[in-house]
Each structure stands twice: as C-alpha cells, then as structure tokens.
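Presented below is the structure to which this report refers.
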Amino acid sequence: MTLLRHAARVAWKDLRIELRSREILYTMAFFGALLVVVFSFAFPQDARAVRGSVPGMLWVAIAFTGTIGLGRAFDRERENDTMRALLLAPVPRLAVFLGKAASTAVLVLAVAAVCTPLLALFLGAPLFRFPVPIVLIVVLGAIGISVVGSVFAATLLKVRSRDVLLPVILYPLLVPLFVAGTKCTASLVAEIPNFDAAWYWIQFLGIYDAAFLVLSIWIFESLVIE
Amino acid sequence: MTKLAVPVFAVLAAIGLAVSCYLVFFVTPLEFSYNEANKLNGSSLFFNQKIYYFHVAHAFWLFTAVGVAGTSSIGFLIKRDPRWDDVASASVDVAVAFGAVVLLTGSIWAKAAWDVWWQWEPRLTMSLLLWLILVGYVLVRQFAGPSADRVAAGMAIFGMVGVPFIYKMVGQDSHPAAGANGVVATMQAGMRPAFWIGVASFLCWYLALVISRVQSTRAEREVRELRERGLDLGVLS
Amino acid sequence: MTALDEVQIRKVAKRYGHERALAGVTLDLKRRSMCALLGHNGAGKTTLLGIVSTLVRQTGGTVDYRANGAAVTGAEVRREIGMLAHASLCYGDLTARENLELTAGLYGVDGSPPAIDRALDGVQLDRKARDRQARTYSRGMVQRLALARALLTRPSLLLLDEPFTGLDRDGALALGHELGALRDAGAIVVVVTHDLEAIAGRTDHVAILRRGQLVFEERGTYTYEQLKDVYHRHAN
C-alpha cells in the first residue's frame, strides 16, 4: 500500500539521520543509564525489595527517556520547518504520523534495550528469566508511547510552552500503559511468577495500543493542521 | 429560554441541597451493623457515612462531565465551531471542581473507614487519574496560546477514550462496589430519598455552573467581535 | 499532474482562539501571474499563504483550486504546490542529494541521480557540496537547495514567504528574476515580502492586507516607486 510505503519513507529518513549522528540515541541511552544508577542508590538493596522496585524503575526509565526522545525527534522537524514540508507533500498526512511514530518506537526500544540489561546487572533482578513476555510488554509499551506521543508532539510543534506541555498532556494519558508495564514486569520477576497476570497485562496493553492507534489515525490530521 | 436556564437550575439546586441536607442530617438512619456476636461491627461508620451522599453524587457528575467534554471536543474538531469548544471547556472546569470534592470527601471517608487519609484503592485512584487529566486540560488551555482550543480538544478526547482503560486497570478491591451488589443497590430504604435528591440537586448544580460558564464565554466573544467591527469601521480606535 | 490555472479565494476568514487573523478576504489568482501580497507584520499575509497552501484550516470562506475548469482537491492540490520560505524546509543532516531524493519520492517524480543533478545544476549548487550534509552549507547555498527542492516537482502554484530575507542584493535580484521566468512559463506565483525592490517590475498583481482585511488590489506592472507609494498609502 502506498500509504505504508510513504510512512516507511518518512520513518527511514528519521532512522537514517539518527544512524548518522546517533545524537538522540546516545543522549537517551546515557540518560537512561544515569537513571538506573540513581535508582540503585535511591532504593534499598536487599533482594526482596529489589524485586519489588525494579519493575517501577524500568518503566520510569522508559517513561522519561521516551518523552525526551519524542521531544528531540520532533524538535528536528522544527529546525528548518521540515514538518511543514512533510505536511505539504501529496502523501496522506497519516503517513507522516505513522512514519514518525514508527521511528520513535524504534528509538524507545533501542533505549529500553540498554536500560533493561543495566537494571538486571546493577540490581541483580531476573528480568530476563522469561524473555518472551518481557520483550512483548516492552515492545507494546514503546508502541503506545510513540503513538500517543507522536500525535501530541506533532500537534504541539508550533505551540507555545510545548516543552512542558508535552509531559503534562502525555503522562496522565499514558498511566494505564505504565501500570500495565509495571504490573506485568512485576509478575514476571516475582519469586513465584504469575503468568496469568502477565498475560492479562500484555493483552490489556495490546488493546490499549490498538484503541489509541485507531483514535490517532482518525484525529491526527484534525489536530495537526492549524 | 436560555436566559432562565441558569437561575432555574441554580434555584432547583439550592432547594434540592437544602432538602437533602435536612434529610441527610435529620431523617436518614445512621449506618451501623451488628456482627455475629450481636455487638456493634467495627466497620460501622455512623455519622461519617453521611459524606457518601455528597461523595457519590459528585462522582456521578464528574464522570458525566468528562463524557460531555470528550464528546463536545469531538464536535469541535469536526465542526470547528467555537461553541462546541465552550461547552467542553466549561464542562472540564466544573469537572475539576467536582473532582476535587470527590477526592476530598473520599479522603475523609478513607480516614473514617480505614484510618488513613489516602488509599490507592480503585475508585479513588481512578478519580485521581481522571482529575489529573482534567487539570492537564486546564493548564493546556491556559498556557498553550492561540491554538489552545485545538490541543485541549485532543487531550479531552484521548482522556475520554482512556477512561475504560483506567477503570479496568484499577480493578476491584476494597472500595464499596458498584453494580448489583453495590452501595447504590443495597442501600437501606431510609437512605434512598436523600441519596437520589442529592444526586438530582448536584445535577442541577452542574448544569447551572456549566451553562453560566458557557454564557459568559459567549458574551465575552460577542464583545470582542463587536470591538473588532468597531475598529474595522474606524468608529473605535 | 494537472497544472492549476486558477485559485479562487472567497471570503476566507481565520481566527486563532481569540485573535482574528483574517476577515473575509476575496482574491483571484490566475496562471501566468505573480501576485505580491503585502502588508505590515501581523496583517495576515502568512496566514493567508498558509491557508492557500492547505497547511492552515480556514474558519470561514472557501478556497477553490481549478485546472482546465475542473475543481482540484486534497492531495492533488498539494502535488501542484511548491513552497519557499525563510526556513529552508530541508534536513540539515541529509545531503542535498538525499533531500531531493526524499522529496522526489514523496511527490512521485523522477528521483534518479541524473534528474537530481539536473535540478541542482539548475540552481548552480556546487558539485562538491552535493554530497555534504546541508548543515555545512552557507546561507546562499541553503537557499539554492531550497529553491531546487521547491522546483523539483514542477509546481504550478508557487508560494513564497519572505524568500528574499537574508539574501544580499544580487541574490535577491537573481531570485526575483528567476520567479519572473517561472511566471512567464505559466505558473501562479504568490510572493509575501517586504523587499519591494526585488519584485519591482516583475509583479503583475498587487494585494495589500491590513489587520486581516484586503484593503487594496490591482493588476498591472509596478515600478519600485509605485510599489512604495501604494504600500505606504494602504498598509497603514
């Protein structure tokens, strides 16, 4: 489908730029690593407490780095007003949205791929005991953050106070995502893992992502065109 | 017709509130129960339970207000008529106030029932999250500059779609439940009139507040447009 | 690709929240014409251009695009639009070639290396610079890249928002000359600018906005003196 081809073109453009400079990747990954270190000091070290706090740490790290990455990815479209060029192109505006959401999701995943092993290392948490569900929930989380985040980051591109308004808008809307992520991760690192609970939260997040993706597809052009 | 709407609803609300206060404080039975040993149950709330009449009524209209804000925001994005946006904005403003009441009264209830000022139990959590989305909306309207209406509308719609997920997420734990076994259905007979009159009064209150806000926003807009015409014609300077 | 021959702007109005940017502007743009859209800052020129470029949704009125008498809508309109603004609309992290390849791909035009080279030859962008990232270019080179990008898709509606800002005297006059040539080749050109000298003698249609309203419109050629005079009389 041409829509997806154009979206891929937009996404690939972003990823190519990112591969060249690696600016967002390095800064996000470093920030994520710093967060992990700070958490290691801020929270107690005994095994039981760690099991309890690691899921939260992981998802807070994903939340913060994700928002920063989103902000930077869209800031790039502000330099030289290239967002205007994208919206002016004869491709469906939806393709621009899907492309940006896809490239942001890749960035968020790349950073999660850094933070998760770091957390496992520094805090001795068995995050990779069951790799498939963990990967699944993190991927779904990255998709959710990127989809909802891209809608609002694009909408706020030319809006006053956009730096602070993006988190103000995003965090309350993303709470179900973070809760699902945390609860799923928690049920996987617990002493007695609870697969039913983990599966429930994976499904929950899948439906959440689907619902917001559909909503974003309907509403993107309405919000982004002034 | 619309001129009378606000005074009528306000008066109805006032009467309803007076009646329900009378009923709540003087007529409804005190809530307490006996356990197996025929002694007073530790979970009896006595006078504190009466807060429930106000708490639940506000909660009903809080959720309704969110729905109204979400749907009018959809209408605004489709029609681009600022009057839809007025309704959304007014509904959110009132919802913030009602939400604050829900949270405060809920907190008092929590202290009485569980001896803590706050608990992360389902309904309180849900109300808090919803309230945060609403406060976010108000901040966006205030600080986003000329495009604020568009951005806020987006937030309201996303917020409305998020409500079922928040609901599912909080699950059902220690809060008095809803549905067939819930507090509303299993209320003692003596409490029902006070409860429903309370609910109706706060509906009138909600309507009075929202309609008056919408009217005032429209009046402001008319004044601005008149001023513009005056400037255009050179009559004003 | 059907080249646009007319843009009918009818009673277009735009409100941003409480602010009224445009109030009932009616204007006709025709092919083979260059319209100078003039006015003070805040008069609504950029907003009007935004609406004509489909990037801004008007709160009232209509904009009709016609080609061979038939209406053109949606993405097909955007296919015919070329834009040149003060910002380059190009990615600093990509090379000139990559920027044009991206544009060619999005617009469905020939993006092969020879076609790109021809486009860059047309704006005289140095061959050695074409494979360097655009952020290393001088201002003049960036302008040339932006022009190449705008013209690559052979637009029939060319919209320019302050394109002469930051150019030196020669650069501005050269760009003005280029725009005149595009107009002569049949395009509809709309220029929003404060640089009256650069468009003097080339524009055949002048429209002046003040506080969101169209206060002056006339077709004809203008010298620099005439433009200055008409501007001072009506823009205030």
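A, B and C label the chains in the order they appear, each numbered from 1.
Heads up, the rule we're going with is that contacts are C-beta pairs under 8 Å (C-beta built on N, C-alpha and C of every residue); 3 or more make two chains touch, one makes a residue touch a chain.
Because the structure is predicted, anything quoted here is derived from the model rather than measured.
**Q** According to the touch definition, list the chains common to the neighbour sets of chain A and chain B.
**A** C
**Q** Tally the contacting C-beta pairs at the B-C interface and at the A-C interface, and name the larger one.
**A** A-C
**Q** Which chain's mean C-alpha position is nearest the mean C-alpha position of the whole protein set?
**A** Smallest offset from the overall C-alpha mean is found for A.
**Q** Quick one: point me to the chain whose Cα centre is farthest from that of chain C.
**A** B
**Q** Could you state the distance in Å from the CA-based centre of chain A to that of chain B?
**A** For chain A versus chain B, the centre distance works out to 32 Å.
**Q** Quick one: chain B and chain C, Cα centre-to-centre, how many Å?
**A** The mean C-alpha positions of chain B and chain C differ by 50 Å.
**Q** Please compute the C-alpha centroid of chain A, do the same for chain C, then give the distance between them in whole Å.
**A** 38
**Q** Where does chain A touch two or more other chains at once, residue-wise?
**A** 226
**Q** If I count partner chains per residue in chain C, which residues reach a count of at least 2?
**A** 16, 57
**Q** On chain B, where are the residues touching two or more other chains?
**A** In chain B, the residues touching two or more other chains are 145, 147-148.
**Q** Along chain B, where are the residues that touch chain A in the complex?
**A** 77-78, 129, 132-133, 136, 139-140, 143-145, 147-148, 150-151, 153-155, 157-159, 161-162, 165-166, 168-169
**Q** State the interface residues of chain B toward chain C in the complex, per the touch definition above.
**A** So the residues of chain B touching chain C come out as 80, 82, 145-149, 221, 224, 228, 231-232.
**Q** Per the contact definition, I'd like the list of chain C residues that touch chain A in the complex.
**A** So the residues of chain C in touch with chain A come to 16, 50, 53-57, 75-76, 78-79, 81, 83, 85, 87-94, 98, 102-103, 105-108, 149.
**Q** Along chain C, where are the residues that touch chain B in the complex?
**A** Spelled out, the residues of chain C in touch with chain B are 15-20, 23, 57, 59, 211, 213.
**Q** Under the definition above, what is the set of chain A residues touching chain B in their complex?
**A** Interface residues on the chain A side: 148, 151-152, 155-156, 158-162, 164-165, 168-169, 172-173, 175-176, 179-180, 204, 207-208, 211-212, 215, 219, 222-223, 226.
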